[in-house]
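Labels run A, B, C, D and E following the written order; every chain starts at residue 1.
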Amino acid sequence: MGLPDAPGDLSSEVDVDAFRRLFPLRFYERHLTESIRPDGRPLGRARDTTIALGAVASAEGSALAKIGSTTMLAAIKMEVMTPSMDSPDEGCIAIDFHMPPICSPIVRPGRPAEIAPVVSKQLSDTISSSGMINLKELSLVSGKAAWMAYLDIYCLDADGALFDAALLSAVAAFSHLQIPAVSLNDDGKIVVVSEENGGKLEKDAVNKERMKLTLKSIPFSLTCVLHKNYILADPTAEEESIMETVVTVVLDSSSQLVSLYKPGGPVLAYTSAIQDCVALTRQRMKELQKILDEANSGMEVD
Amino acid sequence: MEFVSPEGLRLDGRRPMEMRQIRAEIGAVTKADGSAVFEMGNTKVIAAVYGPREVQNRSQQINDQALVRCEYSMANFSTGDRMRKPKGDRRSTEISLVIRQTMEACILTHLMPRSQIDIFVQVLQADGGTRSACINAATLALADAGIPMRDLVTSCSSGYLNSTPLLDLNYVEDSAGGPDVTVGFLPKLDKVTLLQMDSKLPIDIFENVMQLAIEGCKAIANYIREIMLENTKQLEYRRGI
Amino acid sequence: MEIDRLDGRKANQLRPLACSRNILNRAHGSASWTQGDTKVLVAVYGPKAGTKKNENPEKACIEVIWKPKSGQIGKLEREYEMIVKRTLQSICILNINPNTTTSVIVQVINDDGALLPCAINAACAALVDAGIPLKHLAVAICCCLADSGYIILDPTKLEEQSMKAYAYLVFPNSILSVRPEGSLKVQGEPREHGVITSGTQGAMSVDDYLNCLERGRAATAKMSTVLRRNLQPQIASELSKAG
Amino acid sequence: MVGLSLGEKHFIQGGIAQDIRSDGRKRLTYRPINVETGVIPQANGSARIRMGATDVISTVKAELGKPISLQPDKGKVSIYVDCSPTAAPMFEGRGGEELSTELSVALQRSLLGGKSGAGAGIDLSSLVVVEGKICWDLYIDCLVVCSDGNLLDALGAAIKAALSNTGIPRVQVAAGASGDEQPEVDISDEEFLQFDTSDIPVIVTLTKVGRHYIVDATTEEESQMSSAISISVNRKGHICGLTKRGGAGLDPSIVLDMISVAKHVSEQLMNKLDSEIAAAEAGEDES
Amino acid sequence: MAGKPGTTPTTYSPSPTNQKIRRPIFNENEVDWVRPDGRGFHQCRPAFFRTGAVNAASGSAYAEFGNTKVIVSVFGPRESKKAMMYSDIGRLNCSVSYTTFATPARGQGSEHKDFSSMLHKSLEGAIILETFPKTTVDVFALVLESGGSDLPVVISCASLALADAGILMHDLVASVSLSCLGKNLVIDPILEEESYQDGGLLITCMPSRYEVTQLTVTGEWSTPKINEGMQLCLDACSKLAKIMRSCLKEATSTSQE
């Protein structure tokens, strides 16, 4: 924008890679005028997305989600707690988002990434706002014992749209979650009913079978980058760093708006742009729903 | 609780004005530039001095005087119950600061500009009065390292329990919650460099209690001087002078 | 369909606003912003030389430190720090002072709802007080959505908790320009209708959100005149002093 | 950290090659060992060991605790090392943590045996008071006061001496407690049980400088090492733990050779240490 | 609200009902007991390696041995920390961490404080540090799931990631551990076997140079037994190195296509 005219003259001489490094914004703007992105995608298209369920054997529910090269591993561990006095028949969900140093060159051990607690907060807000999980289903014995679901999401590879991938992996992990069958023992502690003699135990089994949670409205999200009048769906890390305005829209399966998140940025979002982002998210939601359903049905066949 | 019996004896059998057995030893840490052990009854601390040497962190360098640093740490086994987290708590930070300020005041820092002096004190056993013991050990260690000082700074604590001024409180007396005065004193200059008190006291009694602590400091100063003389004589002897 | 608010306000009515600037002596700029019982104090230090690691040295860097009323900072405060930082970055002219850092310290004095908008308004006033070059001001508001679809503005803490959803919105203020009015329009919408920052809590329909936007815009237009009036006399008096 | 000139380096290396080290020792000779026991009266047992300028204190504190469910018939022992900043200014603040962890892990590996407790120098089952309910937790805390090389051997010896010095109070269990209740106990303050410390291994660190190995290296000598192996050997001549330091690779046959040398050295060290500990204990009783 | 801050109650994971009758995994008297996963004593788990698992890193590798799953990223050579003094050889910085769900009970991974320094010691002898003076190579490992023999898997995986990043090395570093259970030596133990072991031995070596870079032993061992254990591990290491080598070859051949 404010660049001198020099790059224009140079562009015919330097090779593409050098041009990309030296004048990243110019490089992108040239692509945008052609309505295509450097990785060959049209502006509104998200990257290839895959979900693999049950990636972690030691957890009760887990999923690996990949959007392009952004990779998230989510796993849920179920532990028992005494519910709080105000909600004696509700369980609890604790969500934590981690960015270990392996995921990106900017994270170093001992110094957690600035963005990690923010994404963590956004995830727990989104999941509680959407009402996807009925916390009452996590209750075991009213007032005495309830499930605490520890959901930990690890970013294995960070290449933009972290929140989208994290939310997708979280949702997928919940859909894969199998709550173990447990009973109450004499000490008032909850114990796991083991498979082989589970039937024989006549002690008051709290939940007799392994069960799944009913997921009501599932939230799906899409992050877009705004630049001038262009809207780029599902940005890579490079795109996020060059064009700084991001908008994240979260819709749930009943088309309610769960979150519209735009933290600052040089570009102002006008109503039309917001509506465009919402429309893109609607489209994306259908894709993601399908990918999730396929992953789940794949599990049932096994 | 009764801290002074009707016969005028304290819990450990001392008289109110009596100090615990003190013992000092110079040169406990071979590798350090100066070091000393100081014991007051069951309280035992080691101090080691490194420097004056090049300033490690350039941004802390002071152009017209030496940088004095101090770290106070307690060994896991120094207290009755095992300590879980011995480093960097608020109490240690505070004591480090007190020791640093006290020692800095008596070191002739202007003679060693752009250099750094590190004082490390390690508590091996804590039985009240660690602060004083650390200052005494640090003085000896600084002297051993040959660092120029205005005077030997010595420290002693005193308290006021059962309407009696008590010299050199031990752990039980210290944790009784009564007033506890710690004094740092320059015996030759006859000046107080450190004065700390917990709890409260009427001003006239305070003067008595402080005076008692000052007397304690003087006694320690005499002892320290003896130890240093002894040490110097030994060095002399070893050099064959 | 009217909603009765506990404090007797109308749905569109804001709580009494108060803003005072230059209240801290040692800070380069400071301001406190009060909306009803919510009060935030902001201090600005800088621009100081150098930027932190991982920041672009070719631009001015803004650092936000959030100090809660009590206790330690957690994820919520980290998120607030990030939102305030990004919002302020978008209104500052960052290429004027490259390779400098401006610290913005946000101290919460009391939280009775609409905390984040209050903090953004205060931070903006403090930046003006510190004389940091800005493109325009940012005006923040909180809109609350009741179950019935009714929207109230500037909720108290109690209202925030009892409502279905709420949205934090930040808009640019209207610019007084010597140029003809038309030049300020972007895509057929006045510039001050563009959203700088948006954050929501709770689920709502898309239409409800758009309604919130509309109400927010109307309210911030009024707030920005208040803000402008508040800033002007001091600038004038400072000028007269300097002159 | 150790600033040595090229000449000094050559001097140290050359001396080692000719079997006469800077301080006149042979390659496999230890510095004089000085043992002092009962230095920390507040602990159940303590010892201070000086090997040349290296000076360490080890203490044992015993607390009553509950055995872990996997091993109801065993007590628990944990070893922690703390590097005091008095030993070196670089240990200031958190600077000593890395070395402390490394030493703690190496000591645990050498003295506590495998996960199941087999091969431990300390008989863990002797720490049990009531099976599955009460046992002694031994906390072995070590402090490095002054460091001039060979810390691991000195710490190992200090722990051995401290354990010889340790008396665990006799515990009377009140009868009648049943089921899941914790039985009440009465700790005697007169009767103490001594440990059998004959099985506790000694640690021998062989430092490889050039083509030769030396024992009990000073800091200067350690700075010239290519690699070092710490081997803990018990009275039976069995290896109870092994840790390698230094990144350079070693041929497996050299490793085996070092093990056999260490075994040989350990016998002498063990005897020397035992007599020193006995002398220290006798000295303490007299005073 | 999910995860209210500050009010997190204490939780426990429900234990199995029949803990008392949980049998030890082998019987001293039984001569021919089988390992829980049916392997022979001297048989390693099938090893799976893949390089280039993390795009954001200069080099990376993923390794899966049974239930043990590990990811290692290598960054650099890049600028050393500002506080570091000048050095005419490169620096190696290693860090090993665990996910909270890696271990059977949540968040036990932090027990392995010494793994980072072990990884460092195992690798530094193999890397030619002279080739990147003044700079640092960071090796970060994340144990996704702990299934026993975690450290050897991390070490082998890290050397593969270094190779993927194009860092010059004398040789690949392969690592294998074994457990001593009673009289038997079992190689590449799983978590359950490790928790019952009487002794353990870990070797990291450069197989082509036939050099041991790291060796640790716990428990009581006689000399012949240590000889046997070392030989078993060294043989396994050279086999493992072949697998690693073929994985690297595969990766380069596919990238050339």
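Criterion: contacts are C-beta pairs under 8 Å (C-beta built on N, C-alpha and C of every residue); 3 or more make two chains touch, one makes a residue touch a chain.
These figures come from a predicted structure and were not determined experimentally.
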item: Partner chains that subunit B and subunit C have in common; value: none
item: Nearest-to-centre chain - CA centroid comparison; value: E
item: Between D-E and B-D, the pair joined by more C-beta contacts; value: D-E
item: Centroid comparison with subunit C (C-alpha atoms), farthest chain; value: D
item: Intercentroid distance (Cα basis), subunit E paired with subunit C, Å; value: 51
item: Whole-Å separation of chain centres (CA-atom averages), subunit C against subunit D; value: 62
item: Euclidean distance of C-alpha centroids - subunit A vs subunit B, Å; value: 58
item: Between subunit C and subunit A, distance of the C-alpha-averaged centres to the nearest whole Å; value: 29
item: Junction residues of subunit A, two or more chains touched; value: 124
item: Multi-chain contact sites of subunit C, meaning residues that touch two or more partners; value: 74-76
item: Contact footprint of subunit A on subunit E as seen in their complex; value: 1-4, 7-18, 53-57, 60, 67, 71-73, 75, 78, 95, 97, 99-104, 106, 138, 140-142, 144-146
item: Subunit B residues touching subunit D - in the complex, by the definition given at the top; value: 28-32, 35, 42, 46-48, 50, 56, 71, 73, 75-80, 82, 86-88, 118, 120-122, 124-125
item: Residues of subunit D defined as touching subunit B within the complex; value: 39-43, 46, 53, 55, 57, 59, 61, 63, 80, 82, 84-89, 92-94, 139, 141, 143, 145-148
item: Subunit E residues within the subunit D interface of the complex; value: 19, 113-114, 117, 120-126, 170, 180, 194-200, 205-206, 209-223, 226-227, 230, 234
item: Residue numbers on subunit A that touch subunit C, as the complex places them; value: 2, 106, 114-115, 117-118, 120-122, 124-125, 129-131, 217, 229, 245, 247, 252, 255-266, 268-272, 274-275, 278
